[in-house]
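Next up is a structure, given as structure tokens.
Labels run A, B, C and D following the written order; every chain starts at residue 1.
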Amino acid sequence: MSTASVPLPNWISYGVLPLLNLAVAFFISGLVVWSIGENPFEALKLLIEGALGRGEAIGFTLFYTTSFIFTGLSVAVAFHAGLFNIGSEGQAYVGGLGAALVALALDHYVPWYVTMPFAVIGAALFGAGWAFIPAWLQAKRGSHVVITTIMFNFIAAGLMVYLLVNVFIVPGKMAPETRTFLPGGQLPKLDWLMALFGMKLGPAPFNVSFIIALVMSYLVWLLIWRSKLGYEMRTLGISPSAAAYAGIPYSRTVIIAMLISGGLAGMMALNPVMGASARLQVEFVAGAGFVGIAVSLMGRSHPLGIIFSALLFGILYQGGADLSFEMPNITREMIVVIQGLVILFAGALEYMFRPAMVRIYQQFAGQKSGGK
Amino acid sequence: MTPHPAIELAGIDKSFGAVHANKNINLTVAKGSIHGIIGENGAGKSTLMSILYGFYQADRGEIRIDGKAVTIRDSQTAIASGIGMVHQHFMLVENFTVLENVMLGAEGGQLLAKGVSGARKELKRLEAEYGLDVDPDAVIEELPVGKQQRVEILKALYRGAEILILDEPTGVLTPAEADHLFRILKVLRDQGKTILLITHKLREIMAITDEVSVMRRGEMVATRRTAETTVEELAELMVGRRVLLRVEKGEAQPGKVLLSVKNLTVKDGRGVTMVDNVSFDVREGEILGIAGVAGNGQSELLEAIAGIRKPTSGEILIDGQPVAGLDPAQLRQIGLAHIPEDRHHMGLVLKFEEYENSVLGYHREPRYGRGALLDLDAIRKDAEEKIAKYDIRPPNPRLKTANFSGGNQQKIVVAREIERDPKMLIIGQPTRGVDIGAIEFIHRRIIEMREAQKAVLLVSVELDEIRSLSDRIIVMFAGKVVGEETPDAGEQTLGLMMAGAV
Amino acid sequence: MDYFDIFVSILGSTIRLSIPLIFTALAGLFSERAGIFDIGLEGKMLAAAFAAACLAYVSGNAWIGLLGGIGISIVFSLIHGFASITNRGNQIVSGVALNFIAAGLTVVLAQAWFNQGGRTPSLAGEARFLPIILPGVDVMRDVPIIGPLYANVISGNNILTYLAFAAVPLSWWVLYRTRFGLRLRAVGENPAAVDTAGISVIWLRYRALVVTGFLGGFAGAYLSIAQSAAFINNMSAGKGYIALAALVFAKWKPVPVMFACLLFGFLDAVGNFMQGKPVPGIGEVPVQAFQVMPYVLTCVLLAGFIGIAHPPKAGGVPYVKER
Amino acid sequence: AEIKPALVYGTGGKFDKSFNEAAYNGAEMYKKEFGTEYRDFEPTSDTQGEQAIRNFASKGFSPVIAVSFAWTSAMEKVAAEYPDTKFVIVDSVVELPNVRSVVYNEAEGSYLVGLLAGMASKTGKVGFVGGMDIPLIRKFGCGYAQGAKSVKSDMQVFQNMVGTTGAAWNDPVRAGELTKNQIDQGADVIYAAAGASGLGVLQTAADNKKFSIGVDSNQNHVHPGSVLTSMVKRVDLAVYNAYKDLAEDKFTAGVQSNGIKDGGVVYAVDDNNKALITPEMKAAADKATADIIAGTVKVHDYMTDNKCPL
């Protein structure tokens, strides 16, 4: 009890403790791997090689990272306003519709760099739109945003499939997906960036949306820690009663926070839809919205932390794909397990090691002061 | 052979991190007596009682009940040792009936059916014996606080408590309810029960205790027979120096009416009328005090004026303009500052750094940043100035607000609201949980506001505070204004009004 | 097929689809009334379905499968308790994490053990809970109205169905007529009151979570070894969340919980039935519209358009002793 | 010559007792016969499928077979990147010089089992439960309905889809519930074209003592006596032949369309269902087969115009 209030320096709170939690999550993942009869160290080696071994692998890793930065930011922005947005998945899905509509409309006429800003806006608008109803319900009716956003993930899946199957499908084609965008509707790959480091990107779909993601990270940082709106969101997130006292309008702030969150989730669609497959496909989000939760918790809802934890999950996803390729006994769902363990240890059990850490720290600090 | 004392505490010591809440406490309480414990906020009274009731474990020291050393590990062992406690905040399940609350933890078997009839009988007996009447089937949240407290006492007695601890039991009671409580306590004592009474009200100590102990900064500094001491001596023992009971201030120079409340009615979330057709004016250069027992609508009134709560009907005028529809931000813009009752939940965001709290509510003003962004340098500089001027310690705007003490936290709020140079100031409980030095400082600031011809509306449950600061006093009871008095009105008069007896 | 037959058919379908919801919602009832939010019901159901299928397959006995489902579901509950009671972590985050772990681990293990693409082998005979034909069905069948109802709705369900309906009054009884129930309801409203009454809040909440795990195990087992004959990747398909919505709708009371779950089951059944059939006055409605119906309805319910629900007061807040 | 074959399954998983399992059986058949080891991979998402195909290609595997239309765009990309590698895609068409596209005329196969269903039905009502609602599956349903109605023009055909996302391939509970609905409405033969969800259809039909029809692989053994027959797509042959052709240097690219004529789609008869197919049924099916081959009976392919003329 008494240790709960002892302040720890930031490098422990934001550095050592998350890493410790992460280590435990990985340790348990290793046990799972071991229990199904594979060598966890071998698996780790394969995973890291698969994610970082070659230029192409790094390209894939960064491709996944890009998606996770967007969804991580999405979850984080809502989190700062005290909202747990589990709907990034569905918002990204609907965001893909916005991006695709822009690409389909413009790709015949203009080059990609003209399409891009419109696509960013389109994706963000559609993602935000999908977040609006849960946001409104939370703001005005007090319906818990956790459940409504989960429901909206399901509804998004129904809606998108309906559109793809009945509206966008190319006649005679099997897969429910739009036509392939022309280069005017595609985001170019970042070969040159990789070449700068003397690596070849190969076919990896690492593309311009990575840069958009970095820009968004900066903007989110600016929003949360430097803007008046961000200040209001944080106030509301920590203490709704203080926000009411300060005259920060609850409904408006909740809705704006969710709209920004949904917009960021929607932008995630740029990466797979316009950057990789150049078409809108069913289920293209593939769980990235849920990964965003883990990314945001790992990264302590700070854009810089999010970039690093998105990279971590990028490595996990790419390396995991390669791992399951090399060790067919380990299916890709192993990544979902690791993801769950990270959320458990970095999120729900984040304080588990704090008391022990406080004791160690106090001993250490005590020795130092005792020495003088 | 002389009987053992009911309670003996020897060398009790307890720290919370750096806070040394109880230092080597020794205390002896005779059986069949009422023993008072007094001390300033944070002196360690509640901590000591919590140790006795098994909520906390002492770091050192021994507890003897009836001469036998006991280790009180948890509330269960405390109950088994015959100790009952009535907490400052009632420990009742609000949507349960009285009977269910009394039975909770003493159900008398796996199935409820068996215990219920026994419990009813026992409640009847206790009612007859001690005059503790409550309807066993009433739901707690529908009972007035005085009755809720009786349920707490019944709970303890039902478990066979021989020792009863009451922590600030009268803070929420009207004088009449308090009198009723004291009658009950005397009956209990006469039946041989031992009572430990924590209170801030020296008058109550004098009225019903047999002995009184004084705590200061974690230490037990004195124990006196009540009959052999005086209020003045106790006050001095408590604070460690002579106490100024009145604040120095000049004649009031009231100007034009600045704040006017007309027929205001406010209902709470459940539709219960909390403020009932209240009207009053506050002029420039005067302090209007609102006295009343906590929970009689003062909080809701303040919140309605501050724009946090929507009034159901009636008017609020500032400078003659109706403002009832405005939100707190707009009200700040027209010069209304608000020091809220509850700094932890309203006035401050405890997880923020100090400087972030120093602009809470004013963060949209151009001097703290143009456009959409905040100018952190300007805010920090501003915060540093306030820290210096208000002697906020430690003087570090980057420190987390939760790490300041209560008094200093209150100063952060006061500095923010007063330094804005508002036209009018509304204040709730300005010195609750604040140490004596800070109290004097804050009182001086409030007087200065009045001297600068601001309108000040002060709500406090501390009659002394109201009487020493206000130029006029209105009393609220059950949501209504029951009368207006001058500060010279006798305590008795005000007390009767607060009880709704006028 | 006349309207009455349709009605009977939909009613039968409603019951089959409601059972996992009833078990799960009752499971949630116990943890939420004790003040622990449990968004991890979905994961419990999934994990239990997997364990039940595995054990039923290995042992060839459905009851052993059921025990396995209950066991793993309780383990999940206890982890949730460890995070949210012992370590005072965020209950929603913990629940979400457990959902992920269940979704992933079931497939990883199923693949490693059975190599069937994340499924368990099909079960047959004793390894499943088979429909029970109640006595007198053949005699009753031709009685108008009651006959078809008896034969097609009341009879012909598996034992878990009957247990689900028995669990409703039993839950009510435990909650309102036993000491455990009184304390459980109290701890969800005001844990401090329970603590000062000399009852351990932690132990009480853990016990509530064990009950949650116990009931969650039935839900999972129903999916994999009664309703179908194997565990399939993600077979809970959001039912845990729907059950949660039913719980809110039912204002955390056992009997209304049953009716709320029946309502969701009914919607699902109607949706299935209406698929590909024109709706009078509207024409053919896309299947997706029916499929998203329960989710839309959940949002409508949560929005309080049908009465506002007050959750247990202490729900979601870790208990810290006040000073 | 020695080859280094690889196989990438669809997202339903290797042992779905259906489509993917057929491909697996083909590869196993080749392995047993020629002793050549092969590598296979079960992707669970679209990006992953593409990566797997590319991984195999880059590691020198050839031919790389990808079963499922879901890998169409992946195949287009990867095959262009590795022009010297041979690829095979099943259920879709990729027009590249190093790709063999194997497609089936499921409409014809479904017509045949529809005909059998119509003859086996005592109620005059039959059912179809599809997996994910996509044109390919509607093509199954449409062919089936045509076959059933060829028996009796007022034959009632209930058609349901399990879902609209990939999860629909993996939801036997809902599939079973849809089946039960159809049974309640009077259907007594139900055709499942729903991947792993189909197992729920077969199960429910067996539980209710009705007939079901399996798909892709021969599923007659799943519930002997209840599975009337299976509409088999010889994906196993496609895999086997691709390996064999390359090993014998006879590999050809281009579209390989398999209908009734070439034995690419058949209805399965084995010991498990011999008793269920009466001589009349067999005769009718044989006649229909001949008519289709001769062109006197034209089975409409839903995917040519996204319509079913019924």
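The rule we apply is simple: contacts are C-beta pairs under 8 Å (C-beta built on N, C-alpha and C of every residue); 3 or more make two chains touch, one makes a residue touch a chain.
Protein names from UniProt, one per chain: A, C = ABC transporter permease; B = ATP-binding cassette domain-containing protein.
No experiment lies behind these values; they were computed from the predicted model shown.
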| message | Using C-alpha centres only, name the chain that sits farthest from chain A. | response | B
| task | Quick one: report the Å distance separating chain C from chain D, using the average Cα coordinate of each chain. | result | 35
| query | Cα centroid separation between chain A and chain C, in whole Å? | reply | 30
| query | Taking each chain's centre as its mean C-alpha position, how far apart are chain B and chain D in Å? | reply | 76
| remark: Two or more other chains are touched by the chain D residues 42, 133, 164
| What are the residue numbers in chain C that touch two or more other chains? | 118, 288, 291, 321
| request: Could you list the positions in chain B whose residues touch two or more of the other chains? | output: none
| query | What are all the touching pairs of chains? | reply | A-B, A-C, A-D, B-C, C-D
| note | In the complex, the residues of chain A that touch chain B are 1-3, 5-7, 222, 226-229, 231-232, 234-235, 238-239, 241-242, 244-249
| field | Sites on chain C touched by chain A in the complex | value | 39, 79, 82-84, 87-94, 96-105, 107-109, 111-113, 118, 238, 241, 244-245, 248, 286, 288-289, 291-292, 295-296, 298-299, 302-305, 308, 321
| message | Residue numbers of chain B touching chain A in their complex, please. | response | 15-17, 306-308, 327-332, 338, 340, 342, 345-352, 356, 360-361, 363-364, 369, 372-374, 376, 400, 403
| Touch list for chain C against partner chain D, complex | 1, 5-6, 8-9, 12-13, 16-17, 115-119, 122, 130-131, 152, 223, 227-230, 232-235, 237, 268-269, 272-273, 275-276, 287-288, 291
| task | Spell out the residues on chain A that touch chain D in their complex, using ranges where they run on. | result | 60, 157-158, 161-162, 165, 169, 171-177, 180, 203, 272, 276-277, 279, 281-284, 286-287, 321-322, 324-325, 328, 331-333
